[in-house]
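Dropping the structure in here first, questions after.
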Amino acid sequence: MREIGIGIIGGGYMGKAHAVAMSVVGAVFGTALRPRLEMIAASSPDSAARYARDFGFARAAPDWQTLIADPAVEAVIIATPPDTHHAMAQAAFAAGKPVFCEKPLADTLENSRAMVALAEASGVAHMVGFNYIRTPASQFARQLLADGEIGRVTWFRGEHTEDFLADPDAPHNWRCDGMANGNMGDLAPHPVNAALALMGPITSVMAEVETLHTDRPGGRVTNDDHAQIMCRFASGVLGHIYSSRTATGRKMGYAYEIHGTRGAIRFDQEDQNALWLYKAEGPEATRGFRKILTGPAHPDYAPFCQGPGHGTGYQDQIIIEAKDFLTAIHERKSVFPTFRDGLAVAQVIDAALTSARERRWVDVPQT
Amino acid sequence: MREIGIGIIGGGYMGKAHAVAMSVVGAVFGTALRPRLEMIAASSPDSAARYARDFGFARAAPDWQTLIADPAVEAVIIATPPDTHHAMAQAAFAAGKPVFCEKPLADTLENSRAMVALAEASGVAHMVGFNYIRTPASQFARQLLADGEIGRVTWFRGEHTEDFLADPDAPHNWRCDGMANGNMGDLAPHPVNAALALMGPITSVMAEVETLHTDRPGGRVTNDDHAQIMCRFASGVLGHIYSSRTATGRKMGYAYEIHGTRGAIRFDQEDQNALWLYKAEGPEATRGFRKILTGPAHPDYAPFCQGPGHGTGYQDQIIIEAKDFLTAIHERKSVFPTFRDGLAVAQVIDAALTSARERRWVDVPQT
Amino acid sequence: MREIGIGIIGGGYMGKAHAVAMSVVGAVFGTALRPRLEMIAASSPDSAARYARDFGFARAAPDWQTLIADPAVEAVIIATPPDTHHAMAQAAFAAGKPVFCEKPLADTLENSRAMVALAEASGVAHMVGFNYIRTPASQFARQLLADGEIGRVTWFRGEHTEDFLADPDAPHNWRCDGMANGNMGDLAPHPVNAALALMGPITSVMAEVETLHTDRPGGRVTNDDHAQIMCRFASGVLGHIYSSRTATGRKMGYAYEIHGTRGAIRFDQEDQNALWLYKAEGPEATRGFRKILTGPAHPDYAPFCQGPGHGTGYQDQIIIEAKDFLTAIHERKSVFPTFRDGLAVAQVIDAALTSARERRWVDVPQT
Amino acid sequence: MREIGIGIIGGGYMGKAHAVAMSVVGAVFGTALRPRLEMIAASSPDSAARYARDFGFARAAPDWQTLIADPAVEAVIIATPPDTHHAMAQAAFAAGKPVFCEKPLADTLENSRAMVALAEASGVAHMVGFNYIRTPASQFARQLLADGEIGRVTWFRGEHTEDFLADPDAPHNWRCDGMANGNMGDLAPHPVNAALALMGPITSVMAEVETLHTDRPGGRVTNDDHAQIMCRFASGVLGHIYSSRTATGRKMGYAYEIHGTRGAIRFDQEDQNALWLYKAEGPEATRGFRKILTGPAHPDYAPFCQGPGHGTGYQDQIIIEAKDFLTAIHERKSVFPTFRDGLAVAQVIDAALTSARERRWVDVPQT
C-alpha cells in the first residue's frame, strides 16, 4: 500500500464526484495505491479554496498549471469543460503524470487525436470518464457477451435519454450553446461508448441530428437536442442509437437491448441494479427474461456490500472508475476506456454529424 | 337489430379469429347488425367443411367464388395469403359486398393501389385487419395524442418484435419464402400502421433491411428477418421503427414510445392492458410515468368487463374490429384503417425497401 | 359433436359473461358439446326478453323455474345473487341437470352444505365460478407446484385487492349491504380459492375483518371493507391472505407469491399474461425471477392464439370455464372447483369470520 | 467546520460501511463536523490493525475499552454483535461520548431498556442504525404520509425478505444460532422500524414465528427463519409485516405498500430509486401508479448527484446516516431513530414472540 497524491482540476458536478470517489476508494476496494487529496484547481483561486475545504483537499491551487506542476500531485483528474482538456492533458503528460479525463475527450476531433498521440507517447496511464459502463450490471453484460452467453449477436439498440431540456419554455442556459454541450457532445457519447464496449467497433453510420427548440427564453440554441444513428458494427451487426435531452419523462435512460441467436440482454440505467437476461434454453414454457439483481456474484459489487440486491448508485460508478484508474497507474497497464477509446467515440460522433449534414451513410475511420 | 350473413375465406389462424369474433360480437357489443355465420371457404372443400363444423358456420363453400356469389353472404372477410386478396376483393366489390381484408392489403403495391380504387368505387364499407391498434390502450393513446395531452410531439419510436425465427437452426418453413411472408411483409406493417395511426403520415424514410439467417435446415430463406426505418412524419417529427422475427425473447413486442413537450406515452403489447403516461405537471417530486390499467373509462373496454384492470386479450381485439366493421357497414361510413390506410402502409414499406436497396433517403408518396 | 341447450339465470355482469362464453366456446375449443343459447331468465320477464335479444338466446323465460323445467334446457348456469343459489340448484339437480353456479356457492354455510349434498346425490356435473384460477398463467402455476418445480413450498401470500369502494365519499350502493356482497362474501373467496387450488387445504385461520367506512352518503354500511387471514395449510405451510375493496390504486389485485426450497412463483392478475418464476439453479450470477409470457406452451392458451405473448383477457377465463364445464358434462367427471370445493372456500371464510369475532385461531372443518 | 474524531468498534460488514461513510460524508454533504477516522477496535488487536490500514484509520485500538477511553475519540460507532452493545454504550455514555449503535439495539429487551435510560441520562446524541429507512425514496414516502398526500391511511403491509438461508442444504453458520441472529433478531426489526417510521406506534400484534429448516449440515438451527405479524397501529390502522431469510428469489425485499383514502404508496428496495405513488385525483382514465424516480427534488439525494434517476445505492444510505448522526452531535438534538426508537422496535419484536408462543393477540407496551 502506497499513497498517491491526487490533483483534481474542476470542482463542479464531476469534480466533486471524483473528489468523493478518491476519498473513499481505498477503504472500499483496498487499492494498492491510496489516494491523498493533494490539490484542487478551479476557475478561480477562491473557488478552488472553497472546494479544497469542502472536499477535504490538503491545498488549493491558484490555477491548473500550478496543480499539474506540483511535485506532490502524482496523478491528474480533469473535470473541466471539453475545450480545456487538450492543454491540461498536454501539460500533465509532459510532466509524466497519469491523466484521467472527463468525457468527451476533447472539444474537437483534432484535439482528440492530438491527445491520443500525447497519451500514447507518454507511457503513463490515461483514461476517459465514461462512468456508466462501469455499473456491475453493465460490466456483467459485457462479460456475458464476451462469453457468448447469448450466442451470436444479431441486433443492438442503445439510447441515452434525459429530459432536462424537454420543456420548450425552459430558459436558455450554458448547455444550449456550443457543440460540446449539446446532445451530440454531452449525451450521445455515452451510448456510443456503450455500443463500442459491448459490441466492438462501428464501421458506418447514418444519422439525423436535430434541434427541436431553437429559441428559448434568453437566447438562441446553437446545439442539438436529440439525434438518432443507424449503425453497422465491424462484426456485421446492425444497430441503432438514440440520444436526447428532450425525452420527456426519462431521467437516466442509458439503456440497451441486444439480441443474440441464443439469448438476449436488456438494461435500463433507471433501474441500474437489474440486468435482464433471456436464455433460449430449457422448455419453452419456462423461458422468459429474468431480472437479475446485481450482487457479490457480479463485477465490482462485493466491495460495496455483501448482500445481493442491496444496490449500488451513481457515486459508486465513480468509485469503481477511481479504482480502475489507480490500478492502471499501479500496474502500468491501460484500462478501458483509454484516450484511444475516447477518440473512437469522437470519430463515431463526427461521422454521425457528417451523415446528418449530408444525408448519407458515412464510414467511420478506425482508430 | 338486423341479421347479416357473414362469409369468411380462410379458416387458419386469422380465419378462426374472425369466426370467433363474429360469433360473439353481437352479444358483447350489442351491435345493430347481428352476424350469422353463413358460409366459410378454404383451400379445399374438405377443409371448408371441417372449418364450418368447427366454427359453427351454416354452410361450407366449395370455393371462394361461390362464397362471394352466394346471396346469403352479405359481407366478406378475407383471411387468406396476401397474393389472393386482390382477386377476392375485386369479386366482392363487384358483387356490392363490404370487405374486411387481412393485412397486408395485398402482395404488391400495384395490387394495393388497384384494391383501393375498387374499394372506393364500390361505395361499400372496407377495412384492413390491423388489429393491434384496437386495444383499449392504443385507442386511448390515440385519444391522448389527439387531445394534445402530451403537448407537441417531438419523437416517435415504434417496434414489432417477435422471435419465432430467432433460432438459426429452426427449419425452413412457409414464412421463409416470399416477400409478403417476411418481416417486411408480415410484421413491419404493424408498427408502420401504428405510426400512421398515432402520428399521421410519413413523408420520407431511410431503412436497412436484412436477412440474418440465409440458410436454414430444409432450404434457403428468400425474405427478410428484421429491418429498421428512420422516418420523418408530415408533422415534422422524427421517428424510428424496428421490426424483427429474430428478436430473441420478444413474443409480442408491438411497442411504442412518444415524447411530447408536456408529456410522454409508452406502450408494450406484451402487457397490453397497461398504458404508461407521463405528464410534465405538478411538483417535480411527484412526477413519474404512471401505469394506467385499462378499464371501463377507456375505449371499447366496458363491453368486455365492468372491472378495470381485469384485462382484454388478443381475441378481444378481433371482436372490437368486428364491431367496427359491422358499424361501418351499418352506417355506411368508412372506418380506420380503410383500404386507403392499408395502401399508406404499403407505400411506406415499399419506400423503405427502396431506401435499403439504394442506401438513401426515399420520399413516401402520399395516398 | 352434439348440441346442448344452455339456460342461464341472470343477465347482469356474470350472466352476460357466460352468455358470451357459451356463444363462442365451441368455435374456440372445438368442444364435443356445442352450446345452443336456449333460454335466459332474469329478474323480470321484460329484462329476460331484453337479455335474450341482446345475447342471442332462442327464448326468454318468464321465471327461473320455467327455465329449469324446460326440456330443451340441458344445463343450467346460475348467475344471480348468492341468496338465490340454493333454491335454483336444488330445482336443477332435481331435474337431473348439470349446474354451473357463480361464486360464492351460497349465502350461508348451511346452504352451501346442502348444495353439496344435493350436487353429489344428483350424479350430474357441478362447478363453481372461480374464474381467475383458470388463466393460463395460474393453471401453469398449479402445474409447476404439482411438479415440484420450486421444491418444497415454505410460504404462501395471496391477495385480491380492488378499490371500487376506497373513496369514503362514494355513495352507498347494493354492495354495502349484506354479508355476501361485502369483501368477505364477494372478494375474499377468490384468493381463498386460489390458496386451496395452489396449496391444498387450509386447516386453521387467524383473521381480522374490518369495515373502514361505516357511513356513506345514502346509508350505513353493514358489511366489511377488507380483511386479513393468517393461515396454516394441511401441508404445514404458513400463509397470509388479504382482500380489500378499499385498496386505492389496485384494480385487479388477484395476486400471489409462493416460496419454495428450490424456487419461487409470483403472479399478479393486473398483468395476467405473465408468470414470474425463480429457479434456484445455475450460477448465482444468472439467477433471477423470469417473466414468462403465457403462450401456446401453457394450458388453454393455444385455442385463443398461436402467438405467445399475444395475451388472453378476462372474458377468455370465462370461455375456458365454459369449456371445462362442458367437458365435465360430456365426460361425467367433476372438475375443479366442484360444489365441494366451493364449500371448502365457504368454510375458510366462515372460520375467518369466527376468528375475527373471537380474536383467536380457529380450526377449519375439512369437507 | 470542525473536525471530530471517530472511533468505530467492529470492522466487518457494517464496520466497513461506517468507515467508508465517515471517510466521505464531509465531502458529500458539507457537514459542519468533519470526521477524522481516529481509531478502530475489533475482535483482536491484529484485526484492528488490519482494518485501520484498510480503511484509513489513524490508529488501531487494542480493545474497545481503550477506544472509548481515548480522548481523541469524540464519537463512538458500535458495529459489533448485539450482545456486546450494552456494555459498550454504557462505557461511551459514561465518557460523555455520542453513540451510534447498529441495530438491533441490544440482545435482550432488558438491555435495550437499560441503554435507553443511559442514553437519555447522558445528554449526548444517540442513534440506532436502521439504515434502509434513509433512502431518498423512503424519506419521501414519510413526507408524503406526513403531508396527508394519500389521505387517511387504511392499510399497511411491510416485509423484509431475503433468501440467504432458503436452501435447506446450506450449511449451518453463525446466523443459525442465537435469537439475535435469527430472522426475528436480524431482519424483522427492519420492517418493524419502517412500520413505526411510516405509520406511528404499534399497539398490538398477533404473530407466527417459525423455523423451517431445523437441521442443517453441520448443526441444529436454534433461531427462526421467517415470521408474520398482524398488527394494529395506534392510529387504528390494520397492518401486516412479514420477514424471512428463506424467501427464495428475494434479495433485498424491504418493501411496503400503504393504502390511503386518497392515494397509495408502494416501495420495494430491490428497485430503491423508485417510489410508486397513486393519487385518486383527475379523470379515472388517466389514473395509475406513477413510478417516481428519486432525484434532487427528494430528500438527501442532491448531494450525491444533480441528475434525477441516476440513483443512490446501499452505501449512500450509510452516508446519509452518518450525516444525520453528525448533525445530531453538532446540534445536540436527537434524530430518528434514537435509542428509544430502537427500544420501540424491540418491544414489538418481543410482543410478537410472545404472541407466537401463546397464540394470541398481545399488547405492545408503549415506550
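Residue numbering begins at 1 within each chain, and the chains themselves are lettered A, B, C and D in the order written.
To be clear about the criterion, a residue touches a chain if its C-beta (ideal position, glycine included) is under 8 Å from a C-beta of that chain, and two chains touch if they have at least 3 such contacts.
Protein identities per chain, from UniProt: A, B, C, D = Gfo/Idh/MocA family oxidoreductase.
Computed from a prediction, not measured in an experiment: that's the story for all the values here.
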{"item": "Partner chains that chain A and chain B have in common", "value": "C, D"}
{"item": "Winner on C-beta contact pairs when B-D is weighed against A-D", "value": "A-D"}
{"item": "Chain of greatest Cα-centre distance to chain B", "value": "D"}
{"item": "Approximate Å spacing (C-alpha centroids) for the pair chain A, chain D", "value": "34"}
{"item": "Chain B-chain D separation of Cα centroids, rounded to whole Å", "value": "53"}
{"item": "Set of chain A residues in contact with two or more other chains", "value": "250, 274, 287-289, 293, 295, 308"}
{"item": "In the complex, chain D residues that touch chain B", "value": "140, 149, 274, 276-277, 279, 283-293, 295, 297-298, 308"}
{"item": "Contacting residues of chain D [partner chain A, same complex]", "value": "1, 13, 16-17, 19-20, 23-24, 26-28, 30, 34, 53-56, 162, 164, 250-253, 269-274, 293, 295, 304-316"}
{"item": "Chain D - residues contacting chain C, complex", "value": "150, 152, 154-155, 157, 163, 166-168, 206, 208, 210, 212, 225-226, 228, 230, 238, 240, 242, 244, 246-250, 259-264, 266, 278, 280, 287-289, 359-361"}
